[in-house]
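In the two assemblies presented below, chain A is common to both, partnered first by chain B and then by chain C.
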Partner chain A sequence: MNGAEILLQPGVFPRLLQGLWVTVWIAGVSVALSVPVGLIVGWLMTMRNPVIRLLTRVYLDFIRIMPQLALLFIAFYGFARAWNWNLDATGACVFVFVLWGGAELGDLVRGALESISNAQYESAYVLGLGPWQTFTRVILPQALRRLLPASVNLATRIVKTTSLAVLLGVVEVIKVGQQIIDANRFQYPTGTLWIYGVIFFMYFIVCWPLSIVARRLEKRWSHD
Partner chain B sequence: MTASIISKTVKSIVAASAALIMAASVAACGPSAATPSDEGSTASGSGSSKTTARTLDEIKKSGELKVAVFSDKAPFGYVDKDGNYAGYDVYFAERLAKDLGVKVAYTSVDPAARVDVLTSNKVDITLANFTVTDERKEKVDFAKPYMKVSLGVVSPEGAEITDVSQLKGKTLIVAKGTTAETYFEKNEPDVKLQKYDQYADAYNALLDGRGDAFSTDNTEVLAWAKSNKGFKVGITKIGDEDTIAPAVQKGNKELLDWINEEIDKLGDENFFHKDYEETLKPVYGTDVDPDDIVVEKGVVD
Partner chain C sequence: MLDWTFITHYAPFFVRGSEMTLFISAFGIILAIAVGLVCAGVEIARIPVLRQIVRVYIELSRNTPLLVQLYFLYFGLPKLGVVWSAEQCAIVGLGFLGGSYMAEAMRGGLETIPNVQRESAYVLGFNTWQTLSRVVIPQAVSTSIPGIVANVIFLIKESSVVSAIALADVMYMAKDLIGMYYSTYESLFMLVVAYLIILLPISLFGTWLERRFDYERR
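Presenting the complex of A and B:
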């Protein structure tokens, strides 16, 4: 029997799409919340205060060094055991991905802010702009442009990393795929490749528009 | 100047933590239809002491019995074509909930997560083909058994493994956190183990020839070999016969006693034989004697 027929079974596509929605939901909420966290963290990182610098450094390094999977297990099982703080599986995922996205984006923001030359600040002050005006009208617009390619890359990484949520029991697109493969393993033993193939395209369809948007914006902004 | 910086910093830290809390609370109202562990887990935390399991009253009041099951291990716990949980374990879970007057909220688990979901109070009962071992008894409390198994080894017909000694120096596929993994680690150090998180992946590894054989519970490999041509269960029984039982969090005596009573009561109506007829017989066919697998009233002969 041809394995591709597994895709024509009733319910296979709707269920995969439902799973994809869980994936997109986790990734979308995580990315959306990472943006404000990242901006604040990045701004804190550019401060001269040694205590703040140390704290943000520790935060960034901690998140970078720890594998996301370890963080997920700590948030899901560890918090519940230590403080009876029982996050549900999706909650734990969003929590960890925001911490991670916030740290990574923070570092990108820091790099972008620091890459703006001092002359920009000085010229703005000379023109009579206040510190807030300088930041929002002169520095931030330039920094955002430098920030964009790397942050879109980060967003696609977050989308892909949501697949780790399977291990906390979240029934997202990959888990749904495995369930379908398993439920049909008697009738369609070769269905595996097809299901994983469809999942591959689903991830692609989610991530591809992101890079298109990024490329367009980059192109448009480079002419300004 | 410094004062203003500090106050600014404090403000932004407050903002950052507010954002995180928001993240957590937004997550609580996520796509509920598809997530296994719905809201309610957060509510159960309030006031009670550290990760104590829920009492029977609390379960009844919440209207939901939280059960950890496999979602990719047919015919014991799997998701059918319509997206509903089904299988031998699920059949039992549905009955438990019915007798308690509540609905079941399923959490899909991987083999290695079955202890953790109980110790961290994610679920009330683990009903995921959970073999009783001394090691696990230290971490969770098992109720009376409702099934018995031993290990089996399935291998390709051309290179059938019929004795454990044939596995020396060969690669054996196992799923992480299963009794097969511990048995071979302890007793057969010469066998190279290749471990997978998911059963589905382990089977694919065997189909692809990434290992010489695959070992897990005999019930499972028998069912699988029956429907996969070219594979045979060369060894149907290694090690001791193990029992499979529901598990609850350590010290949750109230729920444990209730499950035990329930298993006794269900034995009077031969419930697990009915369960076998409904869920396992279509897979095993008539070759397997149900009494080799089913345990009523927790009595293993």
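Presenting the complex of A and C:
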């Protein structure tokens, strides 16, 4: 079980934390960009227009049925070649996670918007609220309560999926871990166990609080 | 745009890749369901100590990515003297990840059964076993099936990650062919088609199964 000293070597832990920062950065940017995309997709999905309905349906189903790794490959190898994009690995990851997060969030937004009964709109109208007031004061607060717990869960999933970035060559926490393992192969042969163990818990420490928040929100708002 | 001779020539690669994907997923899913059953049972029966262990396992497994779990199993564990083949690691990894998801789906199904059902069965003179097998489980199955089917699809999708520990699944074939022949479009096309062929029928079967077990609305 010895070999844990590898973690105390100068520079090992700070470098892993730098790698973790790259992971969190990709996930954070993807989640932030997914929100506007999701709102637009969700709004499009509630439209009556059959063409828009079909297109959003196909988009959502395709994204849902393909493994995220396959989507990453399509973006990184396929799109780059088809349209001559100079898309680096990080860009491809953010692009795919936004497409994916936007689709999933869009479906949540659609569900939340559709779950609000017409009576709410009509009551707001009777009370003399304008369309903007109706949306911000009546519809949005109710929709958010249905939306937020699932969105936080989605954020957790995006953080976990960020681990796939290493397979496209992004230097994030797993890649940094591999570099440390390779550099210390002869000095600390059992370093592999410790480094991957630490990375495992790093992901856990990032994702667990999000899961707890999601569960709390779900419990608090499930009663009204 | 697509080179069809290339596709017909290399399609068998993807058939073999699909076999690997299905093989790993099938055993992974069976393991996940077994783990899920045990965990859900422990949680429902409220067995002390075991219950805390199950909670810790569920949190660990749900909040870490499969890729890291696989790397730990495949590269880390041999340092402790536990040497597993890539196939074993992939199946154990999928079982470890999926077990918690399955447990949550099953527990969710059992918890939706109101106590009135158990009390009514008791009043009608059913014993514990009859209550479970005739009243509780049939209803719990119908409420947990959508979750379980979603998890099955999720696990098949997640199995694409096993290409990272050098298992020749569909993903691996696509990566290989792109690297060897620069046949990006053809390989990606076959990749998408392979996953559609695997996942679409399961997804449709799941919808059918949900309807089949939806006693309330039937």
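What we mean here is this: the second predicted complex is superposed on the first by the 208 of 224 C-alpha atoms of A that agree within 3 Å, B and C clash if a C-alpha of one lies under 4 Å from a C-alpha of the other, contacts with A are read in each partner's own complex, and residues count from 1 in each chain.
In the analysis below, contacts are C-beta pairs under 8 Å (C-beta built on N, C-alpha and C of every residue); 3 or more make two chains touch, one makes a residue touch a chain.
All values reported here derive from a predicted model rather than from experimental measurement.
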Fit-or-clash call for chain B and chain C when the two complexes are aligned on chain A: clash
First (chain B), second (chain C), both or neither touched by A:V22: first
Touched partner set for A:L44, first chain B, second chain C, both or neither: first
Chain B versus chain C as contact partner of A:V170, first or second or both or neither: first
Which of chain B and chain C A:W100 touches, first, second, both or neither: neither
When both partners are placed on the shared chain, which of chain B and chain C touches more of chain A: B
Partner chain(s) touched by A:Y77 [first = chain B, second = chain C, both, neither]: both
Partner chain(s) touched by A:Q9 [first = chain B, second = chain C, both, neither]: first
Chain C-contacting residues of chain A that also contact chain B: 77, 81, 166-167, 181, 189, 192
In the complex, chain A residues that touch chain C: 1, 3, 65-70, 73-74, 77-78, 81-82, 156, 160-164, 166-167, 174, 181, 189-190, 192-193, 196-197, 199-200, 203-204, 207-208, 211
Complex contact set, residues of chain B against chain A: 5, 9, 12, 15-16, 19-20, 22-24, 26-28, 30-31, 33-39, 41-42, 44-45, 48-52, 68, 71-74, 78-83, 107-110, 113, 116-117, 119-122, 197-201, 203-204, 207, 224, 227-228, 283
Chain C residues touching chain A - in the complex, by the definition given at the top: 59-60, 62-69, 71-72, 75-80, 153, 157-161, 163-164, 171, 174-175, 178, 184-185, 188, 191-192, 195-196, 199-200, 203
Of all residues in chain A, those that touch chain B in their complex: 9-11, 15, 18-19, 21-22, 25-26, 29-30, 33, 36-37, 40-41, 43-44, 47, 49, 52, 76-77, 80-81, 83-91, 93-95, 98-99, 102, 166-172, 175, 178-183, 185-186, 189, 192
